[in-house]
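In the two complexes that follow, chain A is the common piece, with chain B as its partner first and chain C second.
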Partner chain A sequence: MFLSKTISIITFMKRRTFFRPFSLFLFLIHFYQSPAQDTDVYGLLTERYVDRPINVHRGQLQINTGYELSVLNKKFDSEGKAVNLAKDGSAAMQHLFPFDVRYGLLEHLQMSVGINYARTGIRERNVWIIAYDTEVSIDELNEYKGLDNLNLGFLFRDPFDFKNISWTIRGNILVPLFNHKPDQPDHSIYTAVLETSYTQLSYYYRNKYGSGILTGALGTDLKLKTSNFSALLSGSFSSDLMEGTNIQWRSNLVENEFEYYSEEFNYKYGHQVEYLALFAYQAIDWFAVQLFACGIYTYGGWSEATGKKVGNRPENLFSGGLGYEILASPHLRLFQTLEIPFLGKNIMGSFVINTGISLNFISETYYNLFK
Partner chain B sequence: MKKVFLLIISSFIISNITGQVEQMIIPSDLKQQTIITEPATLRKGFFRIGIVNSWGAVDRIFDESGKRSYLMGSNGWGTSWSCELDLQYGITDRIQVTAQLPYKRDKIYYAAELIAPGYDSSLVQYYKTTGNGLGDISLAASYQIIQENERRPSLVTKLFVTLPTGRKNPTNIENSREYDMPTGYGETTLDFHLQARKIFYPYSVTVYTAYKYHFKGEKIFNPGEEEVSFKSGDLFYIGGTFNVHLNDWIALGNEVGFYKWWDDEYYGETAADVGMTGRWVINYQPSLVFQIRRFRFFEVIQFPIFGNSVAADPQYILGLQYII
Partner chain C sequence: MNKLINYFLIILSCSLMISCEEDTDVIDPDEVGIWKYYSTSNGLTNDDIRAIKQDRSGIIWVGTYGGGVCKYDHGNWSSIQERDGLLDNRIYSIAEDVNGDMWIGTAYGISIITDDGIISLETILDSYYIPLSLYSDSRGWMWIGTTTGIIIYDQSDFYPVSFVNDDFNWIWDITEDSEGQVWFSTTGGAISYNENNGLEIFTVDDGLYGNFVSCILQDSRGFIWFAHLETERITRWDGTNFEYINLLNGYNYANVWSMVEDHNRNIWFTTKNSGVTCYDGVIPKTIGIKGGLKDYDIRCSMVDVEGNLWFGSDSLGLQIYVPE
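Our next item is the complex of A and B:
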């Protein structure tokens, strides 16, 4: 049956009609004869975590949001040695509010759109310059806040509907819709003359969170499951699709007033490989616990911020953690994960607490459209 | 006549039916009630034991203009964790007593690079100040003035007394940044709390208000100083909760609270934060509560939304309770 389907599709493609919109539509609805058609909408919305497909069902609207707190208290140096940032004087927290919407165009095809808002402020170690009759204190804050790139994605699940295994491929494009260039800094100076001359310089850089570069990503997921266990193996590769342009603010201190000017530079973040292995156990029908390991490897980036094109050091981070998901009602799911960084090179590691909700609705009309 | 006879007979039948309805009360079932369905105070003879963990980091504050900002002039970074043993007992169906015994573990980090051009040298200094130990113990008595029924809400009054059992002064002082921090506030407080609650199953709504009075205390605020007499500013707070059962075992809570502090008073010389005035904050705290038989597990995240001269970072609270 599948062989004949596949042959007919290949023939279809050879006729070079595959990319015509109507032909694509026919191709997609060809796979509509899935077991999901025998299940009612309530059953689909109350599916156990381990039984759920990787994508959302046909006609399903899923809205995910929440709050993610990252405690940036560890840095891995070039030799992989962990540095305590609290001791180093630059520990920080990141507050991130993710938002994404997924919709099942077909039983095996999902589209998604997502965006994050984040805010973090990284303070550097204080510097005290002490001379005979002069004392200078310098502190620096690098703030990053704003919206990330808009993430548009498609995910296609294999049409075979095997009982214990499913496979997907996905493509995403991250569009830099929002301003990514830093605002003018807001440095300040305070001076006092007592027994000695005291000056406090506070450097406050106001950066944006978005990368400012159009990025493309391709990924794949494999899900294996038994009655109460599931394992998800994922991998993705992303790369900048163009060079980015940004500005760097510089300042001069003239008669106790800061004068600012900016310089433009080009940069690329390079390529990124991400991977994830997630194991889930369905403890109760409405409660699943998760154990996961994930990693990220970035390479090939460069920047001209210093005036010369300088390559970025490859970054590598391996983390792991625990999580759970609660099926609170047919429309509401709650989830939480704790992630701890274990190994890395040239990168900050953060302890992450991610708490979120997932709202789910299925349009019965749309679901039954091709029944 | 026949119609009258039938009417009398049918009224007997109806009265029999209503008379047969009985409320089945099994203590083990009552001990499995959730935060929404349980009475406002513990029933007579019920005993609840719990562990409550709170964790938060100090990174940002609401400044005097109400803007969330980072502390400039210092890269000090702190975390605070407390683990509290929570004991509750129902003396009668209306009177409950509570004891809260906290253990605290606070850390503050500070790092600086000292450069002395005259000596052509530089030095990186790092300090870690910790505070571990028993905190201030609280005892409370609650009285249910009005018990809830179908028409009226419950009304509960609570009186908390917090005693200065925690270490109030810094110890093991090596320098101004390296010492053992206090784990107590060095003052006695009285907190009078009034709460009204109504259940509209599967929802419940609570409105509360309270006033916390601080008695005068005496303690060392900073290493190297002498003990100073002080009186912390009293606290007034008002708020409400809206809780909903997501299913038979899970309840989702939503709480909004407004807190207003009066200014602290110092009766001596200290470098403490005497300039902190006009403190207030509005918090939003969603919570998730699991009720699995007699066990109750809950998680709360407290978000400061608006405020003035107070910490602006969220706090995570995790708790586990068991009722006997």
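Our next item is the complex of A and C:
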């Protein structure tokens, strides 16, 4: 669960979407018209970062994707003490590929669809047991791989068009379309009998990435701007809309062979509050730097994985970071952020590097239709 | 379009509000994965625990060696001792019969605690005996394991059974498998009984790792476990093949006093000098004083209906683990 939470601490730039490649191709043909420099569309596509509204413009298609590398090297315990996972060799990497598409239905209304693909392998500390006539070495690898829930969203910006301030409300539904149940583990055992018996035991759990629960989210953003500065304050609340069902694999070692069996259990992830404060400075017309602080707080939820309905421990994480955006062309924006975890409880903290591109197209016909 | 957005917002807000209703039956995560302790300082009459049994009404009966029987009834402790009519304060075994009466095996015979009072069985068939173990089977028969063999009570008469080899007459534990076969743990090996084949003896020659069998358990997967004293391993039998499991408790012998299966299908072994060991089907994990136990010598164990594990120590009372 911490994985989905960790990756969700992302700036507003990274809302994700899903798109079929063929449909994408058609859209690109339709939208890719080099804007003449004297049109409104050119002006909108080359808007400076600090001047841009929170949502995309009417008729604007925005495709965001990239690569996010998270180094899970810190674990915050129940008292908030940070444990360095690198010291015992159990630090892990998460590779995340976000993808989202946003479209401006109206000047103040944006629809979006997005999805993430992620892969992580979390290795537990190696355990070595020396017994009466046996030595055992135990490794454990928990892999999380696959597609997250499909994220469908809308964002509505206030219609007042004040010069220095704007705010939005947004709603999202995260639909569990993909299989979230873990595959059968692939444990292995190696035994050698010398003076004593030596056994190497490797647990390999193959989990999926998606939460498997229909989730709803409501959020709001407030943007303030001056000539070269802008500040964005965002907050959102999300919650499971129903109980989830999953399986857990157990194993039995019979005559040095693993036998597997699965047990079904119900669970809920609970509620999550996310917040973000982002300050940007437009250094040059095509280059903006950002400084941000963000956090998540999760509470509620439970799991019957152990046979009892046990509540989840509340988790929280506060991180900070910096980033930049380059307006490479009217259609292409490049951005990169760096995020460092500072404080937390009952959660893994990760050092995150996010590199992304944003492709932007505006249908001049559609944009002018409403003039 | 605006209407559509309004509807969407209203539905989403309502759904989120409904989802925020608190679940009342959720256990606080701080209340699991913890140990609780009971001793003479907070309810017990003696810290040497020899037997634990939960009756069908949920009361937990704890047999002590010197303090009689202690009863734990939803947070309250009470006791039954010699002064209340018990034959002796040294308890070896406890069982509940088909009528709901509690049979208490003491050093001077059995005391049966009924709603009307205590019935004493100081002798059976005019002989003194020490009831090391008691078991009420699915037929309604009470099996009494003594130091001189087995006594069967079929709700009307007592039938004694003894063996020529005296090692088989020390009956440490009695249990029943899913097919109604009754198993006896003895100093000389394991004995099984069913109505078709009668009594059958298992020893090292038949595949056991050791002859001294301290207790027997059939787990939910169908394996029969034979625990031994003074051996490196314990025996697991699938009905055809024997396997020998090392409990990985350092350089100590296995020395298992009792076995119990929890609600998550882990097998827990209590040992004479290594605390308890939890076996998840792949690797045993030993828990000692650092892991929350008070004592390394754990004589008896039980899982209550809520899934909590009760461990009876040789000299430091009860230690209860509430699993995660």
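We adopt the following convention: the second predicted complex is superposed on the first by the 329 of 371 C-alpha atoms of A that agree within 3 Å, B and C clash if a C-alpha of one lies under 4 Å from a C-alpha of the other, contacts with A are read in each partner's own complex, and residues count from 1 in each chain.
We adopt the following convention: a contact is a pair of C-beta atoms (placed from the backbone, for glycine too) under 8 Å apart; a residue touches a chain by one contact, two chains touch by 3 or more.
Since the model is a prediction, treat every value here as computed from it, not as a measurement.
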| item | value |
| --- | --- |
| Partner chain in contact with A:Val113 - chain B first, chain C second, else both or neither | neither |
| Which superposed partner A:Ala192 touches (first chain B, second chain C, both, neither) | neither |
| Contacts of A:Ile326 with chain B and chain C, given as first, second, both or neither | first |
| First, second, both or neither for A:Ala283, with chain B first and chain C second | neither |
| Which of chain B and chain C A:Ile130 touches, first, second, both or neither | both |
| First, second, both or neither for A:Leu253, with chain B first and chain C second | second |
| First (chain B), second (chain C), both or neither touched by A:Ser90 | first |
| Touched partner set for A:Ile340, first chain B, second chain C, both or neither | neither |
| Contacts of A:Val310 with chain B and chain C, given as first, second, both or neither | second |
| On chain A, positions contacted by chain B and by chain C | 129-132 |
| Touching residues on chain A, where the partner in the complex is chain C | 105-106, 109, 129-134, 136, 138, 154, 156, 169, 171, 173, 187, 197, 201, 203, 216, 218, 237-242, 250-255, 258, 268, 271, 300, 302, 306-313 |
| Contacting residues of chain A [partner chain B, same complex] | 67, 69, 71, 86-93, 95, 121, 123-132, 137, 139, 141, 143, 188, 200, 202, 204, 286, 326, 328-329, 332, 334, 336, 353, 355 |
| Residue ranges of chain B in contact with chain A within the complex | 57, 59-60, 70-75, 77, 107, 109-118, 124, 126, 128, 246-247, 250, 252, 288, 299, 301, 313-314, 316 |
| Chain C residues within the chain A interface of the complex | 1, 5, 8-9, 12-13, 15-16, 19-20, 22-23, 25-29, 32, 221, 232, 238, 241, 243, 246-253, 263-265, 280-283, 306-307, 323-324 |
